[in-house]
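Inspection log for the structure reproduced underneath, given as structure tokens.
Order of writing sets the labels: A, B, C and D. Residues in every chain begin at 1.
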Amino acid sequence: MTDTSRTRRPRWLTVFGLVTLAVVGVGLYGALIMSPPDVNQGDLIRVMYAHVPVAWIGFAAVAVSAVWGMLYLWRGRAIDDVRAQGTAEAALLYSILTVVGGMTYSKPTLNTYWTWDAKLTLTALMVALVVGYFIVRALIDDPQRRARVSAVIMIVVLASLPFNYLAAEWFRTLHPAKSVNLDGSGVTMDPTMLRVLLLNVLGGAMVFVYFISERIRIGRLSLADDKTFDSVKGVAREVVSVR
Amino acid sequence: MSGGTDELAIELREVTRRMGGEYVLRGVNLEVAAGRLVVLRGSNGTGKTTLLRLLATRLRPAGGQAFVFGHDLTRDGAAARARLGLLSVMGGSFPLLTGRENLELAAALAPGPREGAPRSDMAAGGAGFEGPLAGVGLEQAADKLVRTYSSGMKKRLGLARLLLLDPDLWLLDEPYAALDDLGKRLMDECVTAAKARGRTVFMASHESDRDHLGPDAVIELRGGTLRMFGA
Amino acid sequence: MKKIVYALLGVAVLAVAGFLISKALQSSLVYFILPSEYARDTAAFEGKRVRLGGLVQAGSVRFDDANLHLTFQITDHLKDYPVQYDGAPPDLFQENGGVVIEGRFHDGVFVGDNLLVKHSSDYHPPADGEPIDVEALKESLR
Amino acid sequence: MNDLIAALTVARKDFLQELRSRATTVATLFFSAITLVMMAFGLGREPELMRSAAPGVLWVALAFAGVIAAAQSFQADLEEGAFEQLLLLPASRAAIYLGKLAASWLYLFALGVLMVPIALGLYGATAPAGTWWLLGLVLLLGTLGLAIIATFYAGLTANLQAREALLPVLMFPVIVPIMLGAVRATEAALMGSADAPLALSWVQLLGGFDLVYLVVCASIFHFVVDD
């Protein structure tokens, strides 16, 4: 059972983690020092370098989790559910960070923590949807039913995102009391800014992949421990045959 | 005994299943040839109902493989469902419909009589649902709401549905519970007649005085696995 | 066989859904009229609630602080109308900026009760002699 | 063909049950009416505010009614294991889902038809004569969207603990586009024909939502009900 080759962290993951750290460091340098301040937003633009990658990865995480869920429904392998769950946890974390980031951004620009900005509204709804996913997970004991039902929920969540985006966008268009883009897209990007942003997106994506890999690795280990029927498995049992 | 075919009505290979996180079935191996009558014993909570619901495709096996008439229950549940019927402990009828409406519902959702299969006399007995209803002694109560039925009557209605659909595999969960003496005799007759028509009957029962049914085998579920009774 | 039929049916329904959504996307967002459009069809809008979109004419803004009364000219550079609005101008309200205002016309004056400020940073008022691009203005006010 | 008959049979069964127990009718009718009255108290007496709030209040009442109706429809089925017996019959799960959906939809639509004049009356709003068709269309598509999601999630939560509280929590973030679309389109319809094009584009969004979720939910419903 406790085969060290399975419990030890694979070497590639450690190397990948170190590379990730380096990329994030360079990204941080770019965001804090290299990037010029924005004409309109000044140094506030530096928040954008963290905010935008986090937001993008949050949305991608929901899609990835839904794809793992579909794979589970198709193949029925427990590991796909572990992957879906781990990715969903990341989706929750990243979308909460996005909402917090959006609110930090909106306080100095609009002097209010909350604005019905389309993307911010959409992300808040996504937080609610993913929280619902975890509530249902917590309520189902049987691991297979839990995996199936949560895969189904994630598929519905994924399908709801474009509609929620449209609705949030139009909601704002009809009530644009104050509208400032909270994602920096209103900013005319100078090439340095764009490079720094893309670097930070890469760094953020690598952090995401690193944590997901660790999460799945741990999930795989606890999956192995979960086989409580192993004690009876392997014992040769006769087939009760009524012919 | 009956027929010379080797077709297996039930085939379970290392089937496991949890209920509420705990493993109830821990590797069940079973083969039942078509046309046999098998009685399943076991004390309360050993997983008899779980096994029956699993065979009826309502629960999926957590591990192992399960087949009914060769149809994989996980992958091809619909094909298996077309050939089996389950009489649950409570009868499984809608309380706010009448007995007759419950049967109408079942008939409308079943794909129609299978070709070649001999229908039960009661199902063939006349138009509508009089046959099965009379067969279980519910003709007087047919147009009353099931809500007003006693638990024995609900069970009889479940039996009437089984007679109406007359599936190839009869799964009976504690069929004698809640029945009066007359009802028990009725159940005996139906089971015997079904077996005579070539149906396979798999019955979970506590009743030990049903030996006159002449089951082909009595098996026991204990500790999550199956064995021959008494073995 | 049956499965294929259902799959095709599902794809067909999804295609219809996609068509509807793309339709909605194209048509929806122009929900206001420009001053010149009003001028062309005055009779049709008579006495009705409308949303009027356009730019705030430079130098026309008067704000009566004490009574919270705002007046300005709304224009699309083809036609302009005086606008009355009871309330303070929103923060982002500025000359040459885009606005959409909801209300009714009374004797050639537009009395609005709901004022929305629009970002139209990518739209620049035409220089002298340059043709007026109404479509671009409309687009920028969406 | 068989599936169509199965769906209609299930819908008919739900109607018969409702006709006999009236559990959903009593609960939702009073609930919606009370929501309308309470919200009127909450909003104060300013006529303009009340008028403009009417579509929003109407749809909030209908959304909660949808939750109650869908949950009740599964609750009635689960008694005595009847739903299990229904799932054992060789009808497809999609057909059963569509049948239950059809019953909830018709019920919600009827409730909406009843609630519109009450809401308009209570809140002093009027519907211009030329836009009745638009109001009907919005009601039809909006209640369909609510029924699709409510039926799906009611089936999903039917045997979970705390399902009464859970159902709206799961469902409401998904139906945001329905709520927004229906409220805005109702508003536009009440404003008269000048806003008909605006209402129509919301109607298109509602239609798109309904069709997408109809396909998605019908095709994955069997994962939800099979244990």
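Everything that follows uses one rule, which is that a contact is a pair of C-beta atoms (placed from the backbone, for glycine too) under 8 Å apart; a residue touches a chain by one contact, two chains touch by 3 or more.
All figures in this text were calculated on a predicted structure; none of them were measured in a lab.
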| item | value |
| --- | --- |
| From chain C, the most remote chain by mean C-alpha position | B |
| Most centrally placed chain, judged by C-alpha centres | D |
| Which of B-D and A-B has more C-beta contact pairs | B-D |
| Between chain D and chain B, distance of the C-alpha-averaged centres to the nearest whole Å | 38 |
| Chain A-chain B separation of Cα centroids, rounded to whole Å | 47 |
| Distance between the centres, which are taken as Cα means, of chain C and chain B, whole angstrom | 68 |
| Touching two or more other chains - residues of chain D | 202, 205, 208-209, 212, 226-227 |
| Touching two or more other chains - residues of chain B | 60 |
| Overlap residues in chain C, where contacts from two or more other chains coincide | 21, 24, 28-29 |
| Touching residues (chain side chain D, partner chain C) in the complex | 94, 191-192, 194-195, 197-198, 200-202, 204-205, 207-212, 214-215, 219 |
| Of chain A, residues touching chain B in the complex | 76, 141-144, 228-229, 232-233, 235, 237-243 |
| Chain C to chain D touching residues, read off their complex | 6, 10, 13-14, 16-18, 20-21, 23-24, 27-29, 31, 45, 48-50 |
| Of chain D, residues touching chain B in the complex | 2, 5-6, 9-10, 13, 16-17, 20-21, 76-77, 79-82, 84-92, 226-227 |
| Of chain B, residues touching chain A in the complex | 6, 14, 16, 18-21, 23, 26-27, 29-33, 36, 38, 60, 62-63, 74, 216-217, 219, 224-228 |
